Structures are given as structure tokens and as C-alpha cells.
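Quick one: the structure is below, questions incoming.
Chain lettering (A, B, C and D) follows the sequence in which the chains are written, and residue indices restart at 1 in each chain.
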Amino acid sequence: MSTTLLTVDDLAPAKYWTRERRSGAVLVVIGLLAAVGFALLAESAPARFTLGEDATGAALSIDGKLGAAVFGALTVAAGVGLLVGVARRWFTVLLVAGVLGFVLSFLCWQVAGNFLPLVGTASSSLGLAVPLILGALCGVLCERTGVVNIGIEGQLLMGAFGAALIGTMTASVWLGVLGAVTGGVLIAALLAVLAIRFLVDQVVIGTVLNLLALGVTGFLYERLMQTDAAAFNTPPRMQNLRIPVLADIPVVGPVLFDTSPLVYIALILVAVIHFGLARTRWGLRTRAVGEHPTAADTVGIRVRGTRYLNVLLGGVVAGLGGAFFTLVSTGAFGKNMTAGAGFIALAALIFGGFRPVGALLAALFFGFANTLAIYLSAIGSPVPSQFLNMLPYIATIVAVAGLVGRVRAPAADGKPYVKS
Amino acid sequence: GEAPEENAAGGGDAPAYSTCMVTDTGGIDDKSFNASAWAGLEAAKAEASNISTKFTASNAIADYEPNLTDFAAQKCNLILAVGGLMTDATKKIAAANPNSQFAIVDAAIPDATNVYPLQFDTAQASYLAGYLAAGYSKSGTVATYGGMNIPPVTIFMDGFVDGVAKYNEVKGKSVKVLGWDKATQKGTFAEDFTSQAKGKAISDTFVGQGADVILPVAGGTGLGTAAAAAESGGKYSVIWVDSDGCEVAAQYCSAFLSTVVKSVSGGVKDAALKGSKGEKLDAAVGYKGTLENGGVSLGAYHEFDSKVPAELKAEIDQLKNDIIAGTIKVESEAAPK
Amino acid sequence: MKVEESRRELTAGRIVTAIWSANTVTVTVLAIIAALLIGAVLIILSDPDVLATYGYFTARPTDALTASWELVSEAYANLFKGAIFDPDAASASTALRPISETLTYAAPIVFTGLAVTLAFRGGLFNIGAQGQAIMGCIAAALAGFLIPLPIGVHLVVALVAGAAGGAFWGFLPGILKARFGAHEVITSIMLNYIAALFLGWIIMQAGVHDPNRQDAISKPVESSAQLPALLGGDQRVHLGIVLAALATWGVSWLLNRSTFGFELRAVGANPDAAKTAGISVTATYALLMTVSGTLGGLGGATQVLGTGYALNPLVAANIGFDGLLVALLGRGKPWGVLWAAILFGALRAGGNRMQSYASVSLELVTVLQALIVIFIAAPALVKAIFRLRAARAARLSTSIAKGW
Amino acid sequence: MEPGEIHALLGENGAGKSTLMNVLYGLLQPDEGEIVVDGEPVQIKGPRDAIAAGIGMVHQHFMLVPVFDVAENVMLGAEHVRGGRLGWLDRRRARKEIKEVSERYGLRVDPDALVEDLPVGVQQRVEIIKALTRNVDLLILDEPTAVLTPQETEELLAVMRTLKASGKSIVFITHKLQEVKAIADRITVIRRGRTVGTASPESTKDELAALMVGRDVVLEVQKAPATPGEPVLEVSGLTVRDDRGTVQVAGVDLTVRAGEVLGIAGVQGNGQTELIEALMGLREIEAGTVTLAGAPMAGRSTRQVLRAGVGYVPEDRSVDGVVKEFSVAENLVLDVYDQAPYARGMVLNPERIAANAAERIEKFDVRTPSADAPVGTLSGGNQQKVIVAREMSRPLKLFIACQPTRGVDVGSIEFIHAQIVHERDVGTGVLLVSSELDEVIGLADRIAVMYRGRILAIVGPDTPVEKIGLLMAGVTEDAA
């Protein structure tokens, strides 16, 4: 008698309509739509994608009809690739290529006979995305450690308020940033204490902290800032920081290397948190606490302590996001000025799969959809502006429903850790 | 109800006159008509010592009625409702309190004898702004955008487009207007009155498309355009709306070519002063701001004074006279009837 | 005699202990008190004149204390007078006004609160009540001025239309979750924005926009489709609050006495067990969001048919988000939602008067609302502050939502 | 505990073994009493103190993060880092350490494998390595053999001997008497939270069992020979994937006849769960057919399967079996709540639900304060009885019981076994899945051994345990 280990290989054929194939089918359909529909609608005039901020300068140019057809075909090709069942590891690449092809085809149709300045589009997408990136990063820190944070909106708002107040009172941008961080941390601390110590339902507390931040900032705004804006609400503006050589690289340079310090901070934080979570002791422990707190506890990790730390760090990051509103984009605090950015950040966080890079991409996607909507209305699209402004929201729904599907949250997310 | 606070300051012989303002949901410092109306009341108070001022902010449409009622109960001498959306509430509460004097900005209530209407034919002034923009533009492209596609906003845009058209007609040019198509009433809107980031994104797009004069009609969102223009180092300029840009947003004065002034504050101040002197505020007459009475106007050029050609200035003055004289008619669906 | 006395003492003592233990009522009352105390601090802190008297507090403390007391008591007295009863009221109608206002504000948020609550019980976080309310507003208003119908029928049709509008807007995230696993929080946040933009568009369309008005406002709803006033005269309170109470009863019945309620509670408490027992979790999600959306839509309909009468960009105000808070405050119980909504309505009504008479910003009301919910959600905190006995505190902190 | 000693802790389910060890490990705080380590009384406030005191523990429910790889799990809490305060993880060193430990004690694992992909036996190795890398002197193994095949158990015992030889002490918790006898130096028996006696490995099994339970127990199931009838369940070529897309059931053929108990034996994680879920309509069937009394079942919803006359006791009662927040009465109608007489149309009938509860509680001896008490407050055994009571309350063609007595006290085990036999005797086909080999052998009329998604053989209950054990490990005779 000898031991034979039976293995489960080349068994019954795999189910045909896998996720890959379904996505492939979708790509083929929309690709055909683009290749035929957009191409027919498109003017046969050059669509110019200029490398600068306006019509002048070098440009990539393609005939609108041709471009719409070619990029549509690219989408079809990617879809076919998925349908015939190429290796799994190409899935993401093909999916991205397919979606990109569709977007480009659409752009060729719209831009035909006109031009789209790439630098302007990219920097505007990035600009609109920055607070979302920071807000979502705050979410990443909290959720990966197991604390649901619905209160990002409140943290951003408090951060914006803190930046304006302290920035004005000290007449210093960087102290203003510190004020923003303080504001964000204040809300984070409430979240942490109430959720971790007092075991309040985390969804409840997050929602309520948004309201609290709205009320407190609104109240103080009316009492202080509105009555004496000069003393309380004219923070210095943050100047762009130009990184010498790098800023001269075409397209990428002006977008990435001649911009606000907060943009650099946001992008650096994405990298730091990404690598930190994956490669450092802090990250390992954070993830362990978010996935299986009891296991973390049994190896001597302080579960609650880790959660406190990360929620507070999240407050710092969200505070920076808040500073962007007052110190970079606006130059003054306004009531409810974040206007739902925290909720969009929350969506970006989930959409991005609770990962820093995912959150970054989701936020950029949102910023781009927004910029595109603005571009289309500016070049006189016949579609009413309300519908154009729906674009980012509809695109997010389609992306979440069609491409992302179920997102796996950290296993212990939202569950308070109670030792018996 | 309670007795009103009679802080008849100055001890002048005129009886105390309390003015009470209900803002619409924009709040007291919306950088638009609420702020402007409040400024009007404050200016009136500064001028006549028997005037006292007070405001209450509405958080929701549903707050209009209780807020107006509360002021009526406090026996305010003049209750000012700001914004056309308050029409229905004002009509109802004015009917319920026939002895109180009301006034409303940006609307008229036909049969209510105790509601003094304050309206503005803003299109007249923005017509001049359109002409100015077209004449000043080097690139031959100008742009406008709004906060929302609603008449109080689009009235500016209608006049602006017509002003540009007039310029093209007179000069045989073809200056393009981005962001608003008067015929189809479609255009670029931020769908937002606060997000400066969005304002900046919109103006960046316009500038990318070649525009070098922009008229944002979007409250706080427009500040994004002003800030970006001020930073652009003269690449493009902005025409502000409502109150003189160099006063409400002095930090961006270098970017303001001019302002389409809608002097809500002037109208409100006049009404308050009139009331405080015991004169009747005749609802049937009301107040209609026009170029003629200065209720609307093209504001000062400030830092651009030397850059706008004298010839252009003269043409604009002539246009203004023509409009006042009625030889040129500025029409907008959104204009007060 | 002696025995009797001591017994009486005993019972009195017991009652005190019973009250002072952390039962729901006590915690709620104390939460409100704690919130008002913090609010008072904010009022004082933000008043420069009163704050100045604290500058010489050690020299003459009475100044600071009287000034603070006057400031705070005036504010809260007006809050009370505006919300519940005005003792100086000259006539019956002014005496009724506070209650009328309170119920007027409460009516729509009862519906949205129920919408959120029902979803919570089924394990979903319906952050989209706002969008559903907006769609409810739109549909109800369109039915209210586009369809000519006799009195009575017209109101019913408008309400049904509003319900249908909300139902559709709830169905979307429901089906997206059931079919594609798209998270309802993301989709319903996005749908909130889409609804608001759609509202902005539809108002200005021919046939909808009021041609006599220079604003973004639709034609008004015909009087046959308006919710009739309950008290007549100038009082705003309308049939909506009665419908809200009926809806509360209905939701309560649905949850506890219907098979669908059984399903959704099972799915909410333990989807795996529900699935194993043959309940279709996805179908329940889709249906639940639809029903929840229906309630949200009714909230919108109540708003537009009861107080607004015409569509404008802000017609739905914040009723969806208020509903969220009311649901949290009501701890997942329909009748709790009704009382929470009335409390919020009272704060709004009183807040208006507080602002008007005492010049205290409405934002204070927002702060108070937030604080009350925080304290009620954290009974342990209230217990710690007031040193309550720890009776049944565990039961107070029922968790309503489970992570993602 | 002496150094180099293996001390067995015996006791029936819920006796307090885990609790005692959790106190020792600092996860729970003692109400009174003291812990003495190396002659010094120590205060163990948390696992940190325990680790510092040289105590390591392999928990009954593994304390591994499923989405981490082996190396991450092992280093968690005791990471080697570079870069000072930066705390850059030194994975290379972790890998090396794992390799060393696993070579020294013969514990083979791949440091880069994801824990959730590993079979339980290997997960347990990871747990042991995790404890050993922390240089423990005392290792607590809480029921380590419950999830192992007899062969794996042998391997584990060998590892334990190596550990003992290297001077480490081990606390070994189990219910299985022969293991204790095979390896323990000393035995302590715990019942209802008290030490009821110590014994030496020389004691007989019966003595130990009596000590554990406090009375003489009948370990055999009493039943008459089966009288199998028509096939009720026929499964052929069934293939099923798990959530991650791996094939877990690979072309299984099975037949269950009316009036017989078919037992499925096998180590946890060999596809039993997926097989049953597929039968129940809880999991998509990739290929193959399933018929119930001749009617095709594949592709039917769970509700349709249940309504076709299938009773189902899921393996994880707290996840799949009961809704803890629901009352006992509600749980008793969890799958029939919408049928007469419990509901008419959409309207529930609370009286009938309550009446049903009263009857079931009585008949199945459910110990509950009232029918309205949330099920979550009941003891595990009583929760299980609620499920069994519910599933046996309607006429069945097929009764599927998965791990029906896991974590249930002896009295309840006897009761549930009797119910299963009764169900068989009235002509229902019974499909029993259990990782307790004794249970399968005791109850089943035929035993199917499942290994890596396949049925390796179907044997009679009188087959020697060793042979079934080998089959469970994937060793077939014909491969000899």
C-alpha cells in the first residue's frame, strides 16, 4: 500500500461565463458602440490633444472619425481578448485598456474639430481630486485598522475651518496647516474615543460627527468669521512649489512638479501609506488588527492602541485635505464648504478597494470625470449642464456596478474589539 | 409676542424704525444679493440714526414663513425678504399681517399692497459688460458661466451674449462667447455656488479654449475664477457681478476688468431710508433698478482703467445712453416684467 | 406608623434609584440636558460681550454669571417658546403655533427616518434617503400640477406618485447591490447628487417652470393635491403628520407582523442564516431598498404637498440626512423614529424663534442635534458623566449597522 | 508543570479547559487565584506578559490572519525590522527563521503561502511554528487533534515528543482518550470549571471517561439495522467551486436511500462543505446532476430544495444555523415562517408561531428561559437543539446533518443521535457529515470517505478505523 496524493486538476471545464468573460462581453458591446456609433457621429476633422494648457504648442492630432473608430476597435479587441480567455493576470491590463479605448473614442468624437489641452485637463483633474485623495487615505487608515469612518466629511470640514482660523490668526500658511491637522484630529479623537472606548456604533458616530462638525464650524463661522473676516478668515494662500528641472518635462512636469505643496504631500502620502501598510511593522500590525483583532491580541499587539493611533493619523491626513479647501483652492472658509467631498472620498475609498493606490485612482477617476463634464459644457455640448454634471456620479455607479462589484472590506471593519 | 428691542440710538426725534431682514437659503454672506441687501440696511442705519437692523437666516425653504412671521410678531417696521424664492411665503405672511410693511428683493407680488418690490433689470448692465468684454478681448473669445441655470443667473448671461453680439454687429467682428447659448438657453454651469475648485476648473477650461475675459455668475464659485485670473498674471481678466469686485474681493482686484453692478444695497438702502422718514413704500410703484436710475450699472474699471481704450469707453457710454433712451432694447426671458 | 413611613421611604428611594439607573428614558433626558449644557457653553464662548465679563471674573464674578445666565436663558426660553408653548401668547392661534411648527418640521423626516430605519433593520445603510426624497418631491409635484383630478383623488395620486418616485430611486441601489454587489453606500451617495441635478433641470423645463416667475421654481401644486391643513387658519401643520404616524404604525407592523418584515430582519441580523433557511438575500435587498425608497419618496411628497407646494432646487431641504439622524436617534425602532423626528422638529421650530428673538444662530440647533444623538448613542458616556447606576445599559447600545 | 513534561487536560465540551488556558495566556482575567511561574507568582495581564513569561499557545480556534501569508502570520507581534524606527519588515530573516524551526521539528510549510489557502492541518503547523519562534518554554495546545486525520495526529504527537525532548513543557487539551494515553505524562480532568481529579496514563479509558462526565456514559449509539428503500438523493458527477474559484468538489457520485444513514467521513476542508452547500442550492453547481426522489434539484433555490422535503442542519450553527438576535420561537420557524399556519398571505400569525415553539421546546428538551429569549443567550447545545427541532418539524424525504453534535454536551449528543436514528427509522434518507470519525462510524449505515473533493470509497460501518483513517488521508488500497 502506498500513498498517492490525488490532485484536483483539469477537472470538469470551468464555468464559461466567468467574471472575465462577462467583462469582455461588456467591452465588446461598448467597443462596437464606440467604433461604429461615435465614429459615425464624429466630424471628420482633426481632434487635437495639445500638450500644453491651450490650443498652442505641440499636439497629438487624429482625425475624429478615424480616432473614434480606432479606439473603439481597441476596446473591442480588449473585450475579445477577455472573451477568448487569456491568462488571468492580464485581466486588469485588458480591462483598463478597454475602458481607456472607450473613453478615448468618446473624446475623439467630442474633440473632433476642436482641441483638448492635456495639461489643463490633467492638472484640473488632479486639483479636483486632491481633497478626495486625502479624505480617502484617512478612510484607508481607519478602515484597515477596523474602524468604519463615515465622518471623513466632518474631518475635512473641521480641517478647512482650522486652517482658515489658525492661518489667519498667525498669518502663517504652515501654522494654518497645523490648525487644519488639529481640526481633523479633533474629530478623529471623538470618533476614536466614542467608537473604541464607548463602543458606539461606528456608522452612527461617523454620521453624527459630520453633523457636529457642520454645526460647530457653522456656528463659529457666523460668530467669528462673518463678523470679522479680517481677523479670522483671511488665511494666507499656499504658493505653488516649483521643482526646478522636473517641472520642465512636457505635460507631466507642469501637472506634477509645479503645483501646491499639498498635492505633493497627498501623492507622497499615497506612497508612504501604501508601502507602510505592506512593508512595515506598523502596517502589518494595522492590517492584523483590522482583519483579526483577537489574533493580533494573542501575539501581544495592543488592539485598541493600534486603532487609536491609526484613527488619529487618519485625522491628520483628513485635516490636510481640509487645508486644501481653505489654503489652496479658496483662500477663505465658507459654511459647509466641503459640500459632500467627504462622502465622495468615502465612495472612492470603497471603490478603490480600501487600498491607498486604489483610492488615488478612484479619486483621479472622479476628478477626471468632473473635468470632462466641464470641458464638454465649455465647448458647447448640446447636453444640458445638469446632465453633464451627472457624469462623474453616473460613471462611478457604472464602474462600481459593472467593473468592481463586491469589494472585500477588512474582516473586522466596524466591529468593536471587546475583551471578555 | 414680545416687545421689540427699541434701541433708538442717537435719540433723534424721528421714531425708532426697525428693519428686519430674512435671508434666503444662501445665508447672510452669500457674496450676492443677501450680503448686498444687508449692506444696504447697514448703510441706511449709518445714515439715519433711528434705524435699527436685524436679520435672521433661513436654512431651508420651509423656514421662510416662520421667519417672516416671527418678525411680524416682533413688530418690525420693515420686513425685508431677500430673493424671488421667498415670493410665496412673503405673499402669504404679508396677507396675514396686513399692518406690517414688507419688501422683497428680486420679485414683485402683484396684489400685495404691503409688499414693496425691489427688482433689477440686470441684463441692461451686463449688455454693456458684453460689449466691453468683446472690445477688450485680444483673442476674440470671451466666456461666461453660471452657478445654476436659473433666471437670476441667466439674466446676466443673456445680456452679456447680446452685448457681444452688438459688438460683432457694429464692428463686423466675430467674437465668440463660450458658456452660454441664449437661443437654446443652454450653457456651462457649476451646479454649485461655493466650490472655488470647480470655478477654477471651469475657467481653466475656458482659457484653454482661448477665452481671455470671463464673466462668472456663480457667487463663491466665481472666486475660483478670480483667484486663478489674478495668478495668471494678466493672461485673462474677469468681469465680476453684483457688487464691485474690487470691494468684495479686493485681493483679486488686479483681475477685475469691471463689474456688472446690481445695486441691491442701493435699492434696499433707499427703501429703508424712505420708510424711516415715514414715507409710504408704494407697492404699485416699487423699485426697479435700471441703468437710468443707477440700480444697475457697469462698475469702475479700477486697475484696468488705463488699459481699456478711451474709444471703447466712449462707445459703452453711448450704448448706455441708448439703452436709457430706449433706442436699444435689451431683452431677456429672465428680466423683470 | 413607623413601618409605613419606612416603607414609603423605601419606595421613594427605589423610585429614585430606578430613575437614576440607566434606562432609556433617563438616558434620553440626560442626553438632552448634556447637549443643552454644552450648547450653553458655546453660546457664552461666542458672545464677545459676555466673554469680556469673564476677563474680570475674579474681581466681580456676578457680572459674568448674570450676563451668561441672561444670554443662555433667553436663548433657551425662546427655543422652548418656539417649539412647544409660548406662555405670552395672545390668542389661541399663537398659542398653537409652536406645536404646529414642530409637527410641520417633523412630518417629512418621520418618513425619511423610517426609510433609513427599515433599511438598517435589513442590514443596509440607506444614505440615499435624500435622493429618494428629491425624486419623491419631483414625482409628487408633477402629479400635483400636471394631472387635473378631483379633490381627494388628486392628493392620493400625488402621494402615490411621490412614493413611486422614491421607490424607483431606492430600487436602483437595491438591484445594483443584489445583482452586481455594488455597495449601496456608494451608489446611493451618487444617486443623491444625480437626483439633485435632475431636480435642477426639470424645474426649468417648459410645462414645469412657472412662467410667471423669474426664479427657478415650478408651477405650484393644485390645491386639490395639497395636504390639507389640520388646524386651519395660519397654522402650517398639515395632514402629513397624521400620515407619518400611520406610516410609523405601518412600518412597525411590517417589521413585526409581516413575512417580509421577518425576512428583512433575518437578513439584517444574519444574512448567512437567512440564506440557509431559504430566504433570498438578494431579493430581500432589492425589495427592501424599494420599500425604503418608497418611504423616502413619501417624505419628499409630504414636503412638497404639505409645505413647499412648488419645486425649487432646495425643495427637499435636508430631509434625507435629517432622516438619517432621526433613525439613529430612534435606535431602529419605528416609534422611536416618530418621537425622534418630533424632537428634531421641535429643535428646528424653536431654533427659528431662538434666532429671530435672541439672535442665536441656527447652527446651534445643528450642534444640539448632533450632541443629543452622540449622547444617546453612547449611553456609557452619559452614565459616566452623570454617574448613573449601570442598569440595563448594555441594552441601550444596540448596534444598528454592521461595517461594510 | 515540570520542564519537559506533557500534561494532558481532559474534559468534556464546555468544561472550562479553554477558559483556564485563556486565563493562563492572559486573554481572560482571573477573578481570584494566582499563577506561579518558576516559583514566582506572576500577574499575566495580557498575552504580552504570557509571552514574556515563556508561555505560548495554539488556540482551539486558530489565531491566524487568513489574508496574510505564513511568514507574516509568524512574525506578527515579534517582527524583525530594519531601518530603526521606520520598522521596515525583514522578511528574509522571518523566512529563515521559519525554515529553521520547521526543519528542526519536522513542520513543513511554505512561508509564502496565503494562510486561507492552506488546509487546516498545515494551518496548525503554522500556529505551532508561530509559538516556537517566540522561544516558549511552555506550549499550550488546545484541542490540536480535533481537525487532524489519524495520520496527521500521529505526526503531531511525534512533533510533541521532539519538543518534549528539547525540554519544552506542553499542556495538551483533548477529549480523545487514546491520544492522552499515548503521550501524556500526567492527566488532569476538569468538569464544570473544577479539577475533578488527576490521573496517570495508566488509567483505563472507561475510568477517564467516567471522571470527565461524572457518570457512566454509553458511547455506543443504539440502533436497529437499516432497511434501505428507494433512493431519495442521487448525485452524479457533481463539481463545485468555492468562492475563490478553486474546484472543491470534483465529480462526486452519491446515492442516499430512504431509511438509511449515509455518513461522509473526511478531514475538514476536503469539499464536504461545498458538496452540501451545492445540494442545498446555496452554491452554484458547475457540473453534474442532483435528483431528489427522482426530481431534478440542480439549479433550484435553497427554498425550493427545503420545500421539496429536505431538512438541513448546517455545520456552523452560529453563522448559518440560527439568527442569534431572533427569539427561540422565531428561529423555530425560520424556514417555514411564510407558510400556513404561521402566516396567511403576508400576515404572520404570532399565536401559531408561539404554539409551535412551546411544542418544539417541550419535545426537543430545549433549555431556554422562554420562547421569546433571543437564541444567542442559549448555550451552544441548546442552540443546536433548536436547529434540529426546526428541521425535524416537517415531513422530510432527506435529512442532511452536518457536524450535528459539534460543541454539544454529552446529554445533548445522545439526544440528537437518537433523533437522527428515529428520522432514519421512519423512512427518511439521512446524509450525515461529520469530522468526528466515531460519530460517523456509530451512526452511519454506509460511510463515504471524502478526500480532496472526491469520494474515495464507500465502506460499511464495521470497516476498521485504521482503514478509514488511511482513506481520509487519501490512501487507497488499489493504489498499493
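The rule is short, and it goes like this: a contact is a pair of C-beta atoms (placed from the backbone, for glycine too) under 8 Å apart; a residue touches a chain by one contact, two chains touch by 3 or more.
Note that the coordinates shown come from a computational prediction; the quantities given were computed from them, not determined experimentally.
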Larger contact count among A-B and A-D belongs to A-D
Using C-alpha atoms only, the most centrally placed chain is A
In terms of CA centroids, furthest away from subunit B sits chain D
In whole angstrom, the CA-centroid distance of subunit A from subunit B equals 37
Cα centroid separation, subunit A vs subunit D, in Å, comes to 43
Separation of the C-alpha centres, subunit C versus subunit D, in whole Å, is 47
In whole angstrom, the CA-centroid distance of subunit B from subunit D equals 75
Contacts with two or more other chains occur in subunit A at residues 222, 384, 386, 389
For subunit B, residue numbers touching 2 or more other chains are 149, 191
Multi-partner residues in subunit C (2 or more other chains touched) are 197, 200-201, 361
Touching pairs here come out as A-B, A-C, A-D, B-C, C-D
Note: in the complex, subunit D contacts subunit C through residues 280, 282, 301-303, 305-307, 312, 314, 319-326, 330, 334-335, 337-338, 343, 346-348, 350
So, in the complex, the side of subunit C touching subunit B is made of residues 82, 88, 90, 94, 97, 101, 104-105, 197, 200-201, 204, 213-217, 220, 234, 236, 303, 307-310, 312-315, 317-318, 349, 352-353, 355-357, 359, 361-362
Subunit C contacts subunit D in the complex at 256-263, 265-266, 269-270, 272-280
Counting only contacts in the complex, subunit B reaches subunit A at residues 27-29, 143, 145, 149, 178-179, 181, 184, 186-189, 191-192, 194-198, 200-202, 204-210, 220, 223-224, 227, 251
Subunit A contacts subunit C in the complex at 143, 148, 194, 198-205, 207-209, 211-212, 214-216, 218-224, 340, 343-344, 346-347, 350-351, 384, 386-387, 389-390, 393-394, 396-397, 400-402, 404-407, 409, 413-415
